[in-house]
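Common to both upcoming complexes is chain A, partnered first by chain B, then by chain C.
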Partner chain A sequence: MFTELNSILNTSPDSFTQGEFILVSDRQSDASFLIHHFLSFYLRARCKVCFLGLAQSFCHYGAVSQRLGVSLTQAKEKGQLVFFEGLKECLSVLLPKENNVESGAMNFLRDPPVGLRSLYEFVRSSMIGSGSMEEGAEQWGPNVLLVDDLSVLLSLGVDVGAVLDFSHYCRALVCSQMQGNMVMLVRCNKEEDDDDDGDEGSEVLLKGLTHQCNLNLHVQGLPTGYCKDIHGQMEVCWKRRQGDAPHMQKNLFQYKVHDKGASFFARGTSSAVL
Partner chain B sequence: MLSELLQGIESGGFLIIRDSCSYSGRDLLKSFITAALNREEVIHVLCFDVSEEELKDGLKPSDTQRFHIHNAYSDPLGWTGHPNFTAQQFSLEDLTNLVKQTSQPKPAVLVIDSLSWILRHKTPPAVCQTLQQLRKGGAVRAVIGLLHTDMHQRGTVGSVCHLATSLISVAPGVKGKEAVARVTKRSKSGKVMQDEEIFCIAEDFTVTILSKASHAEHKTNSTEEEQADPTANLTFNLRLSDSELEAKQKLTLPFVFSKEKKTALLYPGPGSGRILYEPDANDDYDQEDPDDDLDV
Partner chain C sequence: MAAPMNSVGKTSADRLQANCTSFQKKTRSKLISIPGTRPSVQNGQLLVSTGVTSLDYLLGGGLAVGTVLLIEEDRFDSYSRMILKYFLAEGVVCRHELFVATAQDNPDEILQPRPTGEPQDSLDAMTIAWRYQNLPKVQSALASSSRFGHYYDVSKTMEAEIRQAAKCHCFYLPDHITPSSAAHSARVESYSALLKSLQEVIHREGFDLSKSRNILRVGLHSLGSALWGDDLCCHDKPRHSHALTTFLYGLRALLRSSLSVAVVTLPSHLIQDRALMGNITRLCDNAIALESFKGSERETNPLYKDYHGLLFVRQVPHLNCLARQLPDHKDLAFKLKRKQFTIEVFTHFAPPKLSSHVPQSKVLEDEALKNADGTQLHSLYLCLTL
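Moving on to the complex of A and B:
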């Protein structure tokens, strides 16, 4: 959990807006450090978290979360965290073994046109399934869905429309129906002005998700080039603030990722410069 | 022109609000809904993009009898098995049935939020056909749609916008709350009018037109700063007095030639330096005939 990011977004584990869809996007950069932040943030806020980890293994997330002060193994044992390890599930679909029980969520690997309906059913069952709790089980807070990351689905052969439908259904379930939060990471590898047909899918996906989201954290490299002390810039864009006057607010920050966190500062105020 | 459109869309009209990631057109759509409700019209909203609560947020429909929201947000593809309205149901018959369900005396205005959702699941020709049939059908009086231009190819956007009688493209303005609207209106006689306006939307979704944007907006407001005087604040004097200034201006520079001086130098007249030469016998030395006795 990055305390500076909490103050920028005006949230804390004790009080955060519910029913929000936070889109974390990056362009030719790596915004996965923000996913680690949100994972530890919501675990600290005692929310019931469903994490679709499609890009890395459970051990990776566990190791990083350890540095941020949260234990994923413990959370999983207590029932607070439902972790979907995409890498393992892929293998079980492609190399079926007898004693392996498939969850069926990655059915689209066998048949991409089918879409992500089974993955959505998995998310739905893990969220609604918490309704039937045994005695003595702890009461958790609102449901949270974290996805890392959606662009992996594109490279696995899923259509952009199917991914947008999946995120729409997840938003309808998590944000509107259950008043929980949703954080999704989407990555783009090309320059914004390039008119190449090669990566059109991820551009359309990014635009579609930007229309759907409430808050967009867009991470990019510095426009002036590589710098040792500043790792990049992050644009925070609030949309659709309920209750406020209808307008959009954008803020630009620069960041540096450390061993145990990340620091954010206004442009030009890095400690290396001042 | 934006305010004229807000005051009413003619019968059989089709208005498209085009927006992009940088500025959402949903607030303008809500302004149109508010204006139509204030005019005592019946509104049916097909809600795909956002939930019913989010759409109703900020709107104060005084008479809910005339304002109907059809929830196509929670299950637009039928995944849960009990869909209210799916994207596949976007056809003339289903929409007519939907609108006629409420049995109002006057034909309604149909608001679609958003057309982009439907275009992702139905082919553009089918959507265009349905929209055209709706306009001519009589079940709805007018159609207002929201379209996200950056989610489709330009051809698709162009085809759908070609059907529209009025188009409003919104973009973010220079200052925080302002936005720029480019309005195109096609009248029945075939005349096309275009206009560009800056507007802002208040909390109760009333639209205030601020000014007409013109290309002169680009004029720089830079007030010329006083050029810093380099000869001020020095320990030595760099300025010239009046007599010195005169003498300086009278001075002719050595290699700046006036026309007279040029011709005098190039064509020497009498009186200038002349060279007088008398041939001397010693100068007449021929290398090939040193004794000067060859009969050549």
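Moving on to the complex of A and C:
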């Protein structure tokens, strides 16, 4: 959990708005450090988290969360975290064996046109399943869904429409039905004003999700080039804030990622310059 | 996971539940040392040498076990093939096992002639200035102070006994796929056959931490080329655009759960779609690109006369930690000499030719200029202003 980011977003583990869809996106950069922030944030806020870790192994997320002060293995044992490890599940589909039991959530690998229905069923069962309380089980806060990241699904052959449907179904389930939060990561490759035909898929996905979200954290490289001390810039864009008049508010920060977190600062105020 | 050093000694059941930090009491696990590997000083990852010391330095000390290095081939596939040979030769010298997969040449042609390896210490001794033998060599070549890896002499070949002792699993595509079956299938069968074969080797030899305590080095040559049955390099809108990315995802899954490390070369200059290249790069961990000067007008350009080509670092991973080890410089060039493949910082800033009456103090230094927000101007800008 990055304390500076919490003050930028005006949230804390004790009080945060519910029913929000937070979109983390990046363009020719890597915004996965924000996913680690949200993971440790919601685990500290004692929410029930469902994490679809498609990009990296469980050990990677566990090691990073350890440095941020949260133990994923303990959370999994206590039942607070439901972790879906995409890498492990995909092998049972890509290299089928006779006596293999697969969860079926990654069926789209075998046949991409099928879509993400089974993945959505997995999410739904992990969220609804928490409703049945066993005796002595701990009471957790609102449900949270985290996805890292959606662009891996596009690389594996899933159609953009199917991914947009999946995100819409999840939003309807998590944000409006269960009043929980949802954080998704989308990654783009090309320059914004590039006229290339390629990679229309992730541009369409990014635009569609930006339209649906309540809060967008967009990470990019610096427009002036590579710098070792400043890793990039992050644009924070709020939409549809409840209670206020509908308006859009944008803020721009620069950031640097280090071992135990990330620091955010206004443009031009990096310690490398001042 | 990319194996951290101290969890190698546990069974795989323990490993999934154990903490993966580098600070653990030694009583919980016994530290296994596998020859040819060393822990990283930055984050405790288990590293192997790629066979090229300056490339090891660029990658943060070496290639982490459980990761993939993607090399975008140069136009004639000469230097990328050379790096692959170095990687496999280093595996032979360190007694790791090898897995080589090719579609074009027989894997034996990649494996031999193999350059001989000498440990870094035994370079030619100085006879006259012997007092300077042990001074550190000051040069702009990238190198770390500790000795890791070997020097290879490309003009000699490895002795037959060493070659026989190395255990090598080969995957030659024409042996596995009959042409008729591949033509009618809806998917690219060669990648699934390759993945299956790799998983069999890993499972059979026990690299998935069940019995073996050795590293498997995987070398995949020219993936994505038409000889693998893929049309990525032939069409603007390939039919099977997701076959290679799905394979790379499966490869990552296999590597993260075993003691292996992979080097993949890819003819990226044939792929028109830059965004697809971006997807492929993201599914690999480390990625570099080579651009050789052979055949281009730069070959005779005096500015580049010391080098054979340029090297670009496309991606550096962050494994089990938040921060990446970003390179200090982005302008890198390489040269291949008989004994060494070196990567150096390319100072293509040439001092201006001053006539004799201009005072020498006017020669500009290679100072980094900073913008108002602290970013550094690319040094190419300095060249253009001359």
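Please note the rule applied: the second predicted complex is superposed on the first by the 270 of 274 C-alpha atoms of A that agree within 3 Å, B and C clash if a C-alpha of one lies under 4 Å from a C-alpha of the other, contacts with A are read in each partner's own complex, and residues count from 1 in each chain.
As a convention for this text, a residue touches a chain if its C-beta (ideal position, glycine included) is under 8 Å from a C-beta of that chain, and two chains touch if they have at least 3 such contacts.
No experiment lies behind these values; they were computed from the predicted model shown.
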Next item on the list: Sticking to the clash and touch definitions up top, decide whether chain B and chain C on chain A clash or fit.
Entry: fit
Check: Which holds for A:239: it touches chain B only (first), chain C only (second), both, or neither?
Finding: first
Next item on the list: With the two complexes superposed on chain A, say which partner A:222 touches: chain B (first), chain C (second), both, or neither.
Entry: second
Margin query: So in the superposed three-chain picture, is A:117 touching just chain B, just chain C, both, or none of them (first/second/both/neither)?
Written below: first
Notebook entry, point to check: Given the touch rule stated above, what does A:78 touch, chain B (first), chain C (second), both, or neither?
Noted result: neither
Margin query: Just to be sure I read the superposition right, which of the two partners does A:210 touch: chain B = first, chain C = second, or both, or neither?
Written below: first
Checklist line | First, second, both or neither for A:177, with chain B first and chain C second | finding: first
Note to self: After the superposition on chain A, what is the angle at the C-alpha centre of chain A formed with the C-alpha centres of chain B and chain C, rounded to the nearest 10 degrees?
What the structure shows: 100
Check: Counting only touches as set out at the top, which of chain B and chain C does A:267 meet: first, second, both, neither?
Finding: second
Notebook entry, point to check: Is the number of chain A residues in contact higher for chain B or for chain C?
Noted result: C
Next item on the list: Considering only touches as defined above, state whether A:168 meets chain B (first), chain C (second), both or neither.
Entry: first
Check: For the superposed model, what is the least distance in angstrom between any CA atom of chain B and any CA atom of chain C?
Finding: 17
Checklist line | Footprint overlap on chain A, where chain B in one structure and chain C in the other make contact | finding: none
Checklist line | Footprint of chain A on chain B - complex, ascending | finding: 21-24, 26-27, 49, 51, 53-54, 57-58, 73-77, 79, 116, 120-121, 148, 150-151, 172, 176-177, 201-203, 205
Notebook entry, point to check: Which residues, counting only chain C, touch chain A once they are in their complex?
Noted result: 1-2, 4, 15-17, 19-21, 192, 195-196, 199, 236, 241-242, 245-246, 249-250, 252-254, 256-257, 272-276, 278-279, 282-283, 318-324, 326, 328, 330, 370-378
Next item on the list: Spell out the part of chain A that touches chain C in their complex, as residue ranges.
Entry: 28, 30, 32-33, 36, 56-60, 62-64, 66-67, 71, 73, 87-88, 90-91, 94-95, 109, 112, 151-152, 154-157, 187, 189-190, 196-199, 202, 222, 224-231, 254, 257-262, 267-268, 270, 272-273
Item checked: Of chain A, residues touching chain B in the complex -> 117, 120, 161, 164-165, 168-169, 172, 176-177, 204, 207-208, 210-212, 239-240, 242, 245-249
